[in-house]
Amino acid sequence: MLKAIWDNIKGLYSLVVGLSITGRYLLSPVETIHYPRQVVDDEILASFRGPIQLTLGKKDPAQTRCVSCQMCVKACPGHCLKVTKGEAKAPVAWTYDFSYCCLCGACVESCPTGALEFSHKVYLVTVSREELIFDLLADLKKRAATRAEAPTPTGSAATGSASIAASAGSAAPAPPAAGTAAAAAQPSPKPAQA
Amino acid sequence: MDLSLAIFVQIIVAALLVIGLMVGNAVVMVYMERKVAGFIQRRPGPYEVGPWGTLQALCDSMKLLAKQLYRPGNVDIILYYLAPILAFFPVLLLFLPIPFGPYLTALNVNEGIILILAFAGLGVLSNLLAGWSSNNKYSLLGAARAVSQTVAYEIPMILALLAVVFQCGSMDLKNVTEQQGAWPWEWNVLTQPLAFFIYVVSLVGETNRAPFDLPEAESELAAGFHTEYSGMGFALFFLSEYANMLLVSLVAAVFFLGGYKGPVADGFWWIFIKAYAIMFFLVWIRWTFPRVRFDQLLNINWKWLLPLSLLNLWLTAIIVKLLI
Amino acid sequence: MTFDPEKWLTSWRQAGAWSLSRHDPAKEGLRVSAFLPPQALVRCAQELRAARYSLLDISTLEAREGLVVTYHFDSLDEPARLAFRALVSRKKPVAPSLYEVFQGAEWHERESADFFGLIFEGNPNPIPLLLPDDLPGPPPLRKKEADLAPLAKLGLLGQAEILDPDFGDLIGQPVGSGHQGSQAC
Amino acid sequence: MLGGPINFVNPLSVLESPGTLTGDFYALNFEKKAKSGRVILNLGPQHPSTHGVLRVLCELDGEYVDRAEPVLGYLHRMHEKMGEVKTPWQYIPNLGRVDYLHPLAWNWAYVGAAERLAGLEVPERAEYLRVIGCELNRIASHLLWWGAFVMDLGGFTPILYAFEEREKINDILQIITGSRLTMANFRFGGVCADGDERFFRLIREFIPYLRERLKMYQGLVTDNIILRRRLEGIGPIDVDMCQRYGATGPILRAAGLPRDTRRDYPYSVYPKLEFPIPTGPINDCFGRYLVRLREIETSLAIVEQAINQIPDGPVIMDKAPKATWKLPAGESYWAVEGARGQIAVHLLSDGGKNPYRLKLRAPGFSNLSLFAEAAQGTLLADAIAILGSLDLVIPEVDR
């Protein structure tokens, strides 16, 4: 009986402890990021794998490295890629249906020329399925044009083999991405920061 | 004749004011609840509507008003619609005897606390009817829980208040207030700490708030007795829940915290500050603790609160007798 | 306590096993396995239960010779994963239920029943588990005749010691074949 | 009529004349065996505490659960069939969808089974990265379970605290997996990406941070008298019951047996790491709660050792299998320790393009199957607590 009473008094103290913890958090600043006004750091987005895009060409950025070998099309588990071969090796149409894509990276990793990479598009919003079918060649031209206006140093020479983070050729080439590209080439626990 | 007409007009005016108070209270409480919950959980809470989200509660109530009254099949129609109304209107009456200020009482009655406690018991009837009529097993279970819980928690609540009544020798809320002073050390909470503790605990049980929110335990019973209500029916339950909270907090303020009396100047602001402090505490514990189980809830009541309140009453009676 | 494969092999041999196999635990994940006649399943499961083994899962597959129901067990005391299998006809797939021994078998059996149309005699609640009760068409994991692979190809009998002549005829390996291999293993 | 209370029949009519209930196939089947005068309550598939789309039919005697029967399949996606129509490589992203809270363990079970079957060698750095990823993922899974479990018991705040930590883990895992929920960075013969300097820095910052937070959890939830009274002595699951139902993972360990696939069937670099296997002092809901919280600490210790020991080297083998790789013929049964218990993959191949048969052994499936027996005769609120303490992820149970 006495023990039961004592246990209950101790129990009441545990409630006070709980209240003090939530009270402390009540007064501490909020942890969330308020999206339209604030956004997460680019550092975090640099490793995010968004929808795939064509890598900028080596000589002419607007020229894709794709040779229409159809490896990516065969590898894709979701059957979301469609590459139409033109007269030469270069493709004439490159359609990508993002609504079927599971972002597994099979296409990126199986591409022999490194023509594909992941973008970092986090804020992609559409209102219809049709808008999720991307024409990647047009997208490449657009990015090449933006890049020509504001040239930025990138280290996107990595072939699309192993590293997902090696896709540093996007519009926002963050330093960490370049760092991982170096890490992929010569892995070590502490790669030299680019 | 003239006098009774004056009282009648006074009551009508008071009732309108009280309805305004209830709606205003719900708006404030919804905002406070969501803001406090947000900050405890380290997020901003309502943010978009109005400055700092202050208009969120208003918009919510607009939405509820505009919603279609959806009625599930096979309900008992009369009881189904009666229940929310029955939940709302008795609470109106309960605000009448509360002394908000030295001269601000809608209805001066000698036995104000009796009136409040008697009509507070009506609230549970609406829960029962809502659960019974909505033809849903979750509602039925919620209603059964609501009845046994409210009935049980009324007893220690009454006994705790009775100790104060013994001490003050009056059931008139104004009289009880007048006997306390302006400063905290002159309040009844110092002479009756155990009664205050019991009252606050049973207040949580009486108003069905977490951690004693068994009738609407959402992880077990979806939403308990008001599972099947939408739109205005739900809004009325909501209003009456917050009005009930305000009421019991006001009673606590009157009986234990000196009512409208306070440092500097007496007035209705003091009683509201005190009542909302208690309600803030209710919100705080809601977002801190897990829910107790149903048998534990009744055990707390019958095995702990009731003997303790009886003991308190007995001690009070002896001390009062000895001192007088 | 160390795992003694001989104990179970002997016990299964007595139960009339059709074949016994030893496995490479590093590669195949199992210590020993056996094809048992369906009527011996419950008794062997009881022995395993008495030796503190628990049923991990029931994995069914359709091979050319019939439906193979594999019961995977693991000991509660030591790492000793083993399995026994039953071969049931594809035309009339009936297997005994292990519910009386391992209550957890109920769901695994119902799952196999959903996917392969197997009937487990003695299951207390033989209703669909994962699939809806009104699913049209054949059980989803049954294969076309042309796609079926023989047991021997699937590696279920890699180093098996064939004991039952009928079973040997069925899978195309005579009695006693693979015996040497099993000893070497 | 799939969800909600079984049709709209007045509860009174149930008491007067059982047998007048209408409902779907499962409800009718359940109702056939009900005693007269009992209320049949249909929890789910849409219900706040059934964690997704589990449905439990309960026969109630007052508020006591007399008989319960989980009804599955509302999230069934036939992953096993998908395994038979995709190449082994193409199936890897599916594994993240089987159990979205501990996807890396499922990745590992499948990739491991295929590696055993084909005899692939994995570089050591890749093994360490797998361990780090898997253990961080286990922490994230346990944290979410912790929050959801307390939410089942009526405490709303802890889940949001748990999400703070979970987001930090997601930030870390995103560096090596590229995604935040259905991660799939395992490849046959390694992992797809190496961790960079930021990856290891964030882990080093995270470990002391979470240890501090665990102390807060202790004060806010573990020591809370209401929670203890809700959990202590509720839903005992002993070793015998685990044996009969094949329960593994924290449930078996809370019953007192230190069974852990990481220790019993040592794989990867786990033999090089030192970690205790927490076993419960008691086998009730609170024991299972404590075991899981201790496993968070264990996983932290493993990660701490792993980031200190990790060697340099490649993260994937040379000539790693491509998307069109074929498995050699054979059978492989391989298990890893997931957050919910032993995850096993039974992989059979006839040498063709796709695997011949793929069986996923979901620990949650076996763990849930004992719910009917554990919940018998408990209060409805206790049954919810037991259901929560089993740590169910319905996509994994339904597959």
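When the chains are written out, they are named A, B, C and D in that same order, and each has its own residue count from 1.
To be clear about the criterion, a residue touches a chain if its C-beta (ideal position, glycine included) is under 8 Å from a C-beta of that chain, and two chains touch if they have at least 3 such contacts.
Quick caveat: nothing in here was measured; it's all calculated off a predicted structure.
What chains touch chain A and also chain D?
The common neighbours are B.
Centre-to-centre on C-alpha atoms, which chain is most distant from chain C?
Using the mean of the C-alpha atoms as each chain's centre, the farthest one from chain C is B.
Once you count every C-beta pair in contact for both, which comes out on top, B-D or A-B?
B-D
So, what's the distance in Å between the C-alpha centres of chain D and chain B?
Taking the mean C-alpha position of each chain, the two centres sit 42 Å apart.
How many Å are there between the centre of chain B and the centre of chain C, using C-alpha atoms for each centre?
64
Could you tell me the distance, in whole angstrom, between the mean C-alpha positions of chain A and chain B?
Centre-to-centre distance between chain A and chain B: 52 Å.
Between chain C and chain D, what is the separation of their C-alpha centroids in Å?
26
Among the residues of chain B, pick out those that touch two or more other chains and give their numbers.
Those would be 40-43, 287-289.
Quick one: which residues in chain D touch 2 or more of the other chains?
157, 161, 164, 220-221, 224, 226, 229
Hunt down the residues of chain C that sit against at least two other chains at once, touch-wise.
none
For this entry, which pairs of chains touch?
A-B, A-D, B-D, C-D
Sort out for me which residues of chain B touch chain A in the complex.
Touch list, chain B to chain A: 36, 38-44, 47, 284-285, 287-289, 304.
Chain A touches which residues of chain D in the complex?
It is residues 86, 89-94, 125, 157, 161, 164, 171, 174-175, 177-179, 182, 184-185, 187, 192-198, 200, 216, 219-221, 223-226, 228-229, 307, 310, 312-316, 322-324 of chain D that touch chain A.
For the complex, give me every residue of chain C touching chain D.
25-30, 49, 52-57, 59-62, 70, 72, 74, 76, 78-79, 81, 83, 102-104, 106-108, 111, 115, 125, 127-134, 140-141, 149, 153-156, 158
Of all residues in chain D, which touch chain C in the complex?
Listed in rising order, the residues of chain D that touch chain C are 24-26, 29, 69, 72-73, 76, 78, 80-81, 84, 113, 116-117, 119, 239, 242-248, 252, 257, 259, 264-265, 329-335, 342, 344, 346, 348-352, 356-357, 359, 361, 365-366, 369-370, 373, 398-399.
Going by the contact rule set out above, which residues of chain D touch chain B in the complex?
Counting only chain D, the residues touching chain B are 5, 8-11, 39, 41, 47-49, 63, 150-157, 160-161, 164, 220-221, 224, 226-227, 229-230, 379-382, 384.
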